[in-house]
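Both complexes shown next keep subunit A, but they swap its partner, so subunit B is in the first and subunit C is in the second.
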Partner chain A sequence: MMNGLFHGLSRNVIVVQYIGLVTVTLATLIGFQVTFGNVLTGANLEVLAMNMVFEGIMALGMTFVIIMGGIDLSVASVYAFAEILVAKLMVQAGFPIAAAILITLIACSCLGALNGTLIVLFRVHPLIITMGILLTLRGINLAITDGHSVSGFSDEFLFLGQGKVFGVNLPIIFFGLAAAILGVLLANHRYFRQLYFIGGGERAARLSGVSVSRVKITIYMLSASLAGCAGVMAAAKYGAAHWAHGNLAELKAIAAVAIGGANINGGSGTIAGTVLGVIFLAVVHNAFVTSAVNPFWYDVVSGLMLLVAVSLSRFIALRNARAMLGLKQSKMDQLAAIHQH
Partner chain B sequence: MSYDLLVAIGMTIVLIVRGIDLSVGSVMALSSVTMALLMRGDVPVLLALAAGLIVALFCGLVNGLLVVKGGILPFLVTLGMMSVARGLATVVTTGQYISFPSAPPWFSQFGRFEFRIEIGGTSYGLPLILLIGLAFVAITSLLLAYWTPFRSFFFVGESPEAARLSGMNVDRIMITAYLLSALFVWFTALLLTSANKIGYANYGIGAELRALAAAVVGGASLAGGAGSIFGAFLGVLMLALIGNGFVMLNGNPNWQQASVGVVLIAAVGIDALRTYRDRR
Partner chain C sequence: MLNAKGVSKSFFGNKVLDSVNFDVRPGEVHALVGENGAGKSTLINIIAGIHRRDSGKIVFDGKEVDFAHPLQAMEAGISVVHQELSLVPSTTVAENIFLRREKRNGVGLNDWRGMNRAATDVFRRISIDIDPNALAGSLSVGMQQLVEVAKAIALDAKLIIMEEPTSSLSEKDTAELFKVIRDLRQQGLGIIFVSHKLSELFTIADRITVLRDGRHIATEGVGSLTRESLIRMMVGRNLGNLYPPRAAAIGDVVFKCENLSCFGAVRDVNFEVRRREIVGLAGLVGSGRTEAMRALVNADKRASGSFWLDGQPVRIEDPEDALAYGIVYLSEDRKGSGLFLSYSIAENIGASTFDRYADRFGFLRPSALRTRAKEFIKRMDIRPPDESARVINLSGGNQQKVLISKALDVNPKVLIVDEPTRGVDVGAKALIHAQIRDLAQSGIGVIVVSSEMPEVVGLSDRILVFRNGAISAELDNQNGEVTQETIMTHAVYQ
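So, the complex of A and B:
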């Protein structure tokens, strides 16, 4: 019963947060629409969505990693690496599109496996390993392209990033589908429920028979593969691959997950929350563009939003913990009262 | 290399108290830009330098307060600060170089000053900033080894709980570490601005990673309680030699960035091997 109560309570807190997030997002949209009058047009909404969709896809993978109590900073350079690799394979090595994409995705998941293996092997904070990979891979990206961009794709490949199905851009459809599938899996599938155990207490999870190492490596592979998918589509969208693409994308992905209510120390978070976080970031970014404020402010605001979001998620986690303690205490009081009778 | 050295000293101190400071590079840019803008506006040099110091210390204070009082993971706090400070520096300069032609010449000279030493008829230059860096290595090493307030960084990093129970003001000590890091960052910004004669919003990109790599190579542990300034010095030296090696061997200098990441991972791996027996 205690568990049921606790779940109800924590769900309530989360729902309140979601409603707050949706309200703020809508308020921003409507406020800018009223002031500037060019926000809620089809063209602008498309720009709005396309601006954040690649970070959004990375944020989906980041959600899994953060729930597990990890962090993956390397997504930004995996994304750029995927762009460059798929471009080089097609343009310089002459591979057919499908083969190039397949090889790229396999290479990206191998990078994820490398992340996971090093983290499991060295038992240091994932921050350091993924930062090392971020740096190494960015250096490699720079070195293999000499700082130039790679372009000259076929029209069929460009369709992946620029094409539309039923009037919706393909990357957005991919984001929606991936979010739906991963969301359902995360909420219901046994394998992904393990992530919450690991994030809540790794030692306890290990002792109760979860093969923590294997799950960790798999999840880092998932995160890197999603970043790879984003990279392939980004190459198609921009029509060129460049090593500096996706700089600071990891920051936006983490911010989206934190704004979506995940506990940054692991143990909680949902795909729905992350999607809301991504939409929120996209709307704020768009507000900067439409209001013609100096776009340099955007870095300042995205940093501030990360700090606010993380403080908020920390605050909610503390409140949940306190409520849990209170429940425990009242339960114990009840038991004591029963014993006295 | 001297610039990296100063930042690495600050980073080591933060690592010792179980923290991490990813904002060093951007705070460096923000501080440099502040000083340059004020000097361009004919503010007296010392006043401008003080303003740069205040900006840096303020960033350090916010970092420390959010980590200690807010209970947020240090890397997230400083990651946010990294974005905010870099953004602010770009906003106030709109990404342009800020020169200060009216500043007194001594300011733009001391960053490039070299002592000339005659050995066997050849004249060698010994840059002042290198001497300053080495002096700071010596001073902070000695302080960390012998001075009680600095010794307490180790106790706090080893076990904050135990330090608190034995009556230390853990919160204040942790915030002090972030402030010290900011102090070194300000000094680096000062030297950079003086040597290049410009303030620029893109100073110090990647500085946090080089400093982190150097500190970890030098024996600092992310779990806190360990770290050595002299080790960090050797780490900086090693990264500089690798960078120099690429140039000397006519290698592609673009690989140099990748080498920092590999060194970082290798250092962590070696650290893992070294403590492998303790963990069993």
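So, the complex of A and C:
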């Protein structure tokens, strides 16, 4: 009886958090629409979605990494590296589009493998390793381009970032499809379910026969590959590759995952939560930017958004804990009343 | 079914197992006992494939085995239920049971319904009722322990090793676990049972093997052993009376608590503690005894409560306030919230009293701290007697002594100790009990919270029994005549 009670409740905690997130997102959207009247227009919605879509794709990979108790700061420079590499391969080396993209994605997944291998080998916190890769790779990006941007893409390539299918931008379709597929796999596939066990207790997972090192390396590869996909599409969207693209994208991706309810220490999180987190960030950000006068407030808004979102999820969690205690209290009172006589 | 002969193992030139013999028959519960460091864990880890032996021979199921990895042992039919729970709270019970052996549907995704059904079958086999679709984190510790057992059974284990399975279970959950163990024994499984709680061994074990300092001391049927003979074999000497004598003269009231409540955990608790008195708090896990003490120092926010120290009303807004008044609460989770594991003994002892070891410019005087630490090491018999030793390298008993020293350095008037001897071996246990009695004797009011009833009965002058968040009985134990049965009748609703 007791078990059933808490079982239902602890699942509801997650659901309530999602509902809260959706409510606040909708409220912001409607609130700004009523006040400024320029939010819910087709053009703005496109801007809104495209603004966060690349960080969103990175956030999908980041969800996997964070659930298994890791973190991947390097995605931002992997993203810029993918832009530059795919651009150079096509523009300077004359590779066909498909080959250039393939080579770029392979290179990115190798970078992920490097992250994973170093983390497993040195047993150093992933924060440090991936920060090392982030900084090193950013330096490489700068050095190999001399600080200039690379451009001159074919129209076919530009379609990947700017084209639309059924009126929806291709990167957004990619994000939606990737989220759906990865979401189903994360929720139901035995390989990805192992992440929860690694994040929940690495030693226990190892003793239960999970090959922790192998899983870790492959997940960092997944994260880097997704960042690579984002980078390729970003090059196409902007029509140019630049080393400074994606600066701080890693933090936005992490923020989206955290807002989506994942525990930053590992063991919990879902793709649905991350998608909600991405949408929330995109909406709040867009709302502020379309209404604010001075674009220099951009970063202030980003930072505050994270703080507000995290306090919100904390508030919801506290309220749920309180509700749980309330149930316990009423059970206790009932028991005491029954045995009064 | 398992026969280990002459098993030896050294770590860094240190011989921790010295040609030990050990065997398990089908349908038997074989208890493995010994003090911390006697070699129990090493032997078990070798049997389960976590460590490899240096020499000796192990035959399991008629074949000689030498497992290189726990997976191999699992495949052969040996499962370990580790002391620390390994379930992942945010995943379901069924998923935890079938980790790495998930049932799949046509497209290779997890077949949740099939796994739930299979889990229900396993639960039915050991006659327990747990919803396989519940999140593991929503189960009580006792239920989680049973899920761990179910996990071993689902692996088709023939031999199940249980490491201190009852160390955090209530009496009720322990009874449930024992029922399951008896069931398994009936079904012909072999069970290796490791525990520090001697009374349990006599309830559940068929044979007992004693290890001491890495050597095999004896293997005997439980009928030919007594508590005393078992302890003698474990520590290699007579311990004398297990519990220290009671207080000669109890003093006046030092601390009074009125109307203490904590939402969802504690209802209107009132009690007093006198000088030179040990008050034991008994009750089932979740009955509110630990919760009341946490609410007292406001570690968990309380709803109400008034306190008097030496007759003066005091305001306790957080554990720091309590400390300033000389009311010290030692948490049951000594590694998580009591000690700084990677720091030295001296640094731990001075952790609450750093100011005292600083000069007037605020610079720490390490020599003063070291001198003080040496005093405590001598007084509490902490081993190794080296104030710069890191606490992480100490045994559980010695860690507990460091924790108590840290509390004493505050010069407490009231000391609250939660589970003072959890995971501590018999030798260190007796010492800690004696120290607690000494502290009380020196004029401190002591409150001991414990889920081990023999400890509450043996140590306390007065016993408060908790039930459903409130005190259900106050029992005078001055002459040690309170029985465990009396406590039990007040701990549960009749």
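Everything that follows uses one rule, which is that the second predicted complex is superposed on the first by the 294 of 341 C-alpha atoms of A that agree within 3 Å, B and C clash if a C-alpha of one lies under 4 Å from a C-alpha of the other, contacts with A are read in each partner's own complex, and residues count from 1 in each chain.
Everything below uses one rule, namely that a residue touches a chain if its C-beta (ideal position, glycine included) is under 8 Å from a C-beta of that chain, and two chains touch if they have at least 3 such contacts.
Source: prediction; values computed, not measured.
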>> In the overlaid three-chain picture, which partner chain does A:189 touch, first (subunit B) or second (subunit C), both, or neither?
In response: second
>> Once chain A of both complexes is superposed, is A:208 in touch with subunit B (first), subunit C (second), both, or neither?
In response: second
> Between subunit B (first) and subunit C (second), which does A:124 come into contact with in this model arrangement: first, second, both, or neither?
Replying inline: first
> So, A:332: does it touch subunit B (first), subunit C (second), both, or neither?
Replying inline: second
> Of all residues in subunit A, which touch subunit B in the complex?
Replying inline: 71, 118, 121-125, 127-129, 131-140, 142-143, 146-147, 248, 251, 254, 258, 264-265, 294, 296-304, 306-307, 310-311, 314, 318
>> List the residues on subunit C that touch subunit A in their complex, please.
In response: 50, 70-71, 74, 80, 82, 84, 86-91, 95, 99-100, 102, 104, 108-110, 112, 130-131, 133-135, 137-140, 143, 263-265, 267, 468-470, 493
> In their shared complex, at which residues does subunit A touch subunit C?
Replying inline: 2-4, 6-7, 9-11, 184-185, 188-190, 193-194, 196-197, 199-201, 203-205, 207-210, 267-268, 322, 324-329, 332-333, 335-336, 339
> How about subunit B: which of its residues touch subunit A in the complex?
Replying inline: 20, 66, 70-73, 75-77, 79-88, 90-91, 94-95, 206, 209, 212, 216, 222, 252, 254-262, 264-265, 268-269, 271-272, 279
